[in-house]
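Per-chain residue numbering starts at 1, and chain names A, B, C and D are given in the order in which the chains are listed.
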Amino acid sequence: MYLVKAGESHGKAMIGILCDVPAGIKVDKSHINALLQERSFALGRSERQVIENDEINLITGIRNGYTLGNNVGFVIENKVHSDYENIMSAFDCDTSSAQVTALRPGHADLPGICRGNFKDARNVLEGASARNTCLNVVGGAVALSMLDMLGIKIGVRVRSLGYEKDESDCDFNQILNAKSPAYSLNQNFIDRCKSLIESAKNSGDTLGGTVEMVISPIKKGFGFYMGEKRVNSVIAQDIMQIQSVKGLYFGENSFEFNGFGSNYHGNINKQDNSLIVSNSLSGGIDGGMTNGDYIKITVALKPIPTTKKGLETIDIKTGEKAISAKERSDITAVFASCSILKCVVATAISKVITERIGCDNMTEIIKRYADL
Amino acid sequence: MYLVKAGESHGKAMIGILCDVPAGIKVDKSHINALLQERSFALGRSERQVIENDEINLITGIRNGYTLGNNVGFVIENKVHSDYENIMSAFDCDTSSAQVTALRPGHADLPGICRGNFKDARNVLEGASARNTCLNVVGGAVALSMLDMLGIKIGVRVRSLGYEKDESDCDFNQILNAKSPAYSLNQNFIDRCKSLIESAKNSGDTLGGTVEMVISPIKKGFGFYMGEKRVNSVIAQDIMQIQSVKGLYFGENSFEFNGFGSNYHGNINKQDNSLIVSNSLSGGIDGGMTNGDYIKITVALKPIPTTKKGLETIDIKTGEKAISAKERSDITAVFASCSILKCVVATAISKVITERIGCDNMTEIIKRYADL
Amino acid sequence: MYLVKAGESHGKAMIGILCDVPAGIKVDKSHINALLQERSFALGRSERQVIENDEINLITGIRNGYTLGNNVGFVIENKVHSDYENIMSAFDCDTSSAQVTALRPGHADLPGICRGNFKDARNVLEGASARNTCLNVVGGAVALSMLDMLGIKIGVRVRSLGYEKDESDCDFNQILNAKSPAYSLNQNFIDRCKSLIESAKNSGDTLGGTVEMVISPIKKGFGFYMGEKRVNSVIAQDIMQIQSVKGLYFGENSFEFNGFGSNYHGNINKQDNSLIVSNSLSGGIDGGMTNGDYIKITVALKPIPTTKKGLETIDIKTGEKAISAKERSDITAVFASCSILKCVVATAISKVITERIGCDNMTEIIKRYADL
Amino acid sequence: MYLVKAGESHGKAMIGILCDVPAGIKVDKSHINALLQERSFALGRSERQVIENDEINLITGIRNGYTLGNNVGFVIENKVHSDYENIMSAFDCDTSSAQVTALRPGHADLPGICRGNFKDARNVLEGASARNTCLNVVGGAVALSMLDMLGIKIGVRVRSLGYEKDESDCDFNQILNAKSPAYSLNQNFIDRCKSLIESAKNSGDTLGGTVEMVISPIKKGFGFYMGEKRVNSVIAQDIMQIQSVKGLYFGENSFEFNGFGSNYHGNINKQDNSLIVSNSLSGGIDGGMTNGDYIKITVALKPIPTTKKGLETIDIKTGEKAISAKERSDITAVFASCSILKCVVATAISKVITERIGCDNMTEIIKRYADL
């Protein structure tokens, strides 16, 4: 299962095609729309998201709520497009207005105009915008439905925003229940985040942070030990495509762990006639494969580079110094990233599962998974 | 450019094929062997490496020191194979001896026997071993030679080992010069690491740590802003295939940064008639593309799971508790990973470069790169 | 450049995403619609095509007539959907009516229900229909525009329909000018085809045939000599995805040639200081690469399996013998395939070109191509 | 399952890596060597093959006769290399001697030197040579072993050589038994071919022909109906990579059939409680999927372009007219292609099978296949 995306943020619509989808996944429209709402109305979003108010238009590959095995194609309208029709249409529009020539630092603007040989960064920023993560949400919703049929769940919670941290420990099953708009189980932390967001908003600034993900146990031996099929490689490749993500790690405190191997690696024990991994800090993946334990991933997100303050730059039209565009913008993508990450990882995990046990229809896949 | 690997650590040899290689890359045999030596004789290695003493046997795709454009195929002999011939041959050997049934925690053993339906973890561990990173070194040596023809260099230094940290700041160009066997410019830190390794060795334990990578400026606009061609996604996918790696991030302190966007994102300025990115913490990649600045990556490595102490486990032959095999083993892969990481990233970057400006021959590629 | 497709023939719409598209290709809306019309109104089509009357809805990746380098996403409405809304919607529709249980021989029905574990072949036939070739036409229109900027043209003519053959020889440049709806330069042959179509229509039957393609000279050395990058492999893979295609060959009479090698292979000569291939029957490709000559491909198409007569089958609902559905249907896909083949091959060739000289923007690509 | 190849025909050795191989395939060394012998000692080969006398050196991925699930890596020595060591080594050899500058028409020489920016066609011809099909044989031998465990067989017979044709009809099961060195069941045809080969040899010329392949029934529903997973596309892509192949078709007489659809498409009937396809000319594939019938493929091969006579060409060193090299050469690749085609198609079919029912180990795969 993998997703192909297309779209510019002020174009007519965003388009996605989810490929390699088994037949017989039960998909629920309200589930998809709810996930889109989670993405749009997370903490720290701007009013722009209210305008977006995305709704799925599911066009192909699903019939009466079940996947057909055919590619799943869908469209999400860009509701702001009506105001941009004259400058952002495929044909016969006016590209001389609304140009972005004061390149925005931290964005794709500068490298993008070099790659495309453009004089207007709008040709870049429209496609480079995180707007297209709405497509990941829809693809991921289908993947989540498939995983659900196999009894696999994914949870996400925010661990830090700027200097605010949630130090509380959580049982993995609790994290599976963290919910939008705050994706946290710690009210005190939520309150601190809200204050910090308010203060960043007032100073025209933005915030980054970290997010923790948990995947409920997958049977042992999915993925592979050599090359591109290592589960951690598959997941990293996909998470790293989310615009704000700067880093990720698997397991506990990978960048902070400073002890010895004997404290890091757990044991293998017997439980109910099955072998289980205990007390390992490695986060559910050993040798590039699922080890039967919960998978744990932590992700770092940078502050959004569009700030109301603006940043010093050059205007390529004049060649002079300028301040980058002061657009309406989110304060942080950290909370919004939770639903996106959940969906991106669900798609990656679905791919890993079908590669091992096949990709025809859910009746067979459920039976084969149970048989392992 | 991408590498296909094959091999078991006690099998006859390791085999690699490097694909999508432009013609005309000047390759030096002693450069490859030197990199193989760097991998083998880094700090913290066991005596086993001395036995390995790898030498490249370059068989295809290179003629008289220049790539032909054809796939580059090579073999690295496993010098220990002579002792294992009877148990690790393709045909007519005895698989009843030297079985590994006390599954080693933290390794591929447990998930691997489930995936392969095996009763002997040797069928898994031989291929899952980090032994195969010697192949990444050879592929990367070719990639490094290509990058060198374009004026691009890669440097690596160790930042921490267990609880020992190198807090010293380094100019990026200094890091390009850090060298084997310690990959550090800080003698005090090297000394502390040596002591720590000695103490871990004495207690039969292992160590992890962190490593910092720097790539000298690549012209602006390599990679892409959407999907799997984002430079960070390409690099993350490949780094995550190295056995000990648990995490990575781009830019400065991505998991620690707790300030605001206006402190994170730098400016765009003019220098010598060209636009440059200054003071950004984002590490040379904006919008999934190279921004003309140094690229910076930090990687976290877990302690090697094979400890002399052993770990509690189950023996699948008896079904009883056991202590995992007490093999000869390295104390840490952190220093050894430096040359491997350099090679893996070189291969990824070469791929990114040829995808944008083509993959026929270096005469054209050098000209096209200069023309940008 | 490659196309990802989605859609069912009576669903809401067909969706396509064209990936790996350089920036700066000039695309003309009327050119795309004209190609869609060529596909719909070729000789031998049924009245159904008149209902289709496809129009492109270009949604992403193109701004004011130029590609942005971003994926090109588009939608083609299924105008018949309004009649099928209740049975062919993603959610809340009635799948108990309009079931197809008398499996149609020669179609995907039988293998498709096995793969998908279905009891209703509608779940298969909707996606398996050649309806989705309208998407290939749009993707190919963009590719044709790119090739046009490099001076490369593609032509197609029908060589046979059922027992009617066009034995006339044509200069390659004439074939570049064969036009819809007959794609032939031989009026006598066209007349004979029209009569044959009429007679097949009257007997409720269908017709296959053969089609000849010509690509104007591409510079020497595109493609590669080993593996999946061989031009003939790239083209064959894509042509074989067109529903009616049963076979193809490169060069002259590959299945009929019965002479010796010295009569087959031509010579290499000098012309205007450049080396050219003369009198070769191999059709413009040597060693998997373009040799600077015209490329020639011949394609065989089977008769459409849906005949008004119907064919003997089993109804899986009753388990009894039945006659397959007697739907409205085209008499032949041979003429309609001409525009589709042109578009499919254009996309394949564009991929081959960007793989060698890069995929950023047309300014650079045109310069690089000229420099060879 | 897919094969990655490397090697030059007079280099040290050929190297192959077979990827995505399930664990537990029983592989027999003598079976591989027998297939290599079939390739080398087919009718119409030159004495060169006797020199080759290939033997497999299986290095990775197989232990005691069973695949491990790890990539299968292998080496086939080029026995002629000893005579070429000084001109065909990776390092420190003399490229000024044994240059090929009289470009050989019909070969990769001309396009290859353009692509690689070479002045010596040896840099091209060594890798472009059909020598590397010995690697396909080894990869295919593993695939054939896997198919054998599922009860699937592949047969090949020669249908024509130059103007000699075998018009005899064969039961599909007979074709499964056609054997090297003639791959024919018709002694009269074999005798005529031998005479024709002799006469071509005497006149310093070469011969092409056609070959027919049969795959015993695969269960219904392997492959897919849309895009690159269509079985015919997968197979065509791979067959078209064999050096001499100019075309292929599925089913009966695809380029000759001139009747109506009602004569082409068969029926669906019931047999032993299962649905079967009868009397279809479409050759075992409907809608891009296996339909449970025998699969039939016919392949056209051109005469080998290296003739003793030589062909008119230009010498790029002098710029003058010349006659292409008069090397020792096979008279025809038609008979030799039989084992190669069998192996290439086996690999493609194995890929199609694992994509639907998974790729972990044969115990599971056999069970899953039986369950369909």
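Rule of thumb we're sticking to: a residue touches a chain if its C-beta (ideal position, glycine included) is under 8 Å from a C-beta of that chain, and two chains touch if they have at least 3 such contacts.
Just so it is clear, the structure is predicted and the values come from calculations on it, not from any experiment.
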Comparison of B-C and A-C by number of C-beta pairs in contact, larger one: A-C
Most distant chain from chain A, judged by the mean position of its C-alpha atoms: D
Whole-Å gap between the CA centroids of chain C and chain D: 27
Intercentroid distance (Cα basis), chain C paired with chain A, Å: 36
Whole-Å gap separating chain B and chain C, where each centre is the average of the chain's CA atoms: 44
For chain B, residues contacting two or more additional chains: 4-5, 69-71, 115-116, 124, 127, 221, 224-227, 356, 360, 364, 372
Residue ranges of chain C touching chain D (in the complex, touch as defined): 4-5, 103, 105-116, 124, 127-128, 132, 160, 162-163, 200, 203, 205-208, 210, 219-228, 230, 232-234, 236-241, 243, 245-251, 254-255, 257-262, 264-270, 275, 277, 280-283, 286-292, 298, 300, 302-305, 307, 309, 311-314, 316, 319, 356, 372
Of all residues in chain D, those that touch chain A in their complex: 69-71, 221, 224-227, 355-360, 364, 367-368, 371-372
In the complex, chain D residues that touch chain B: 4-8, 11-15, 17, 19, 23-24, 27, 29, 58-65, 68-75, 88-95, 115-118, 123-124, 126-127, 360-361, 363-364
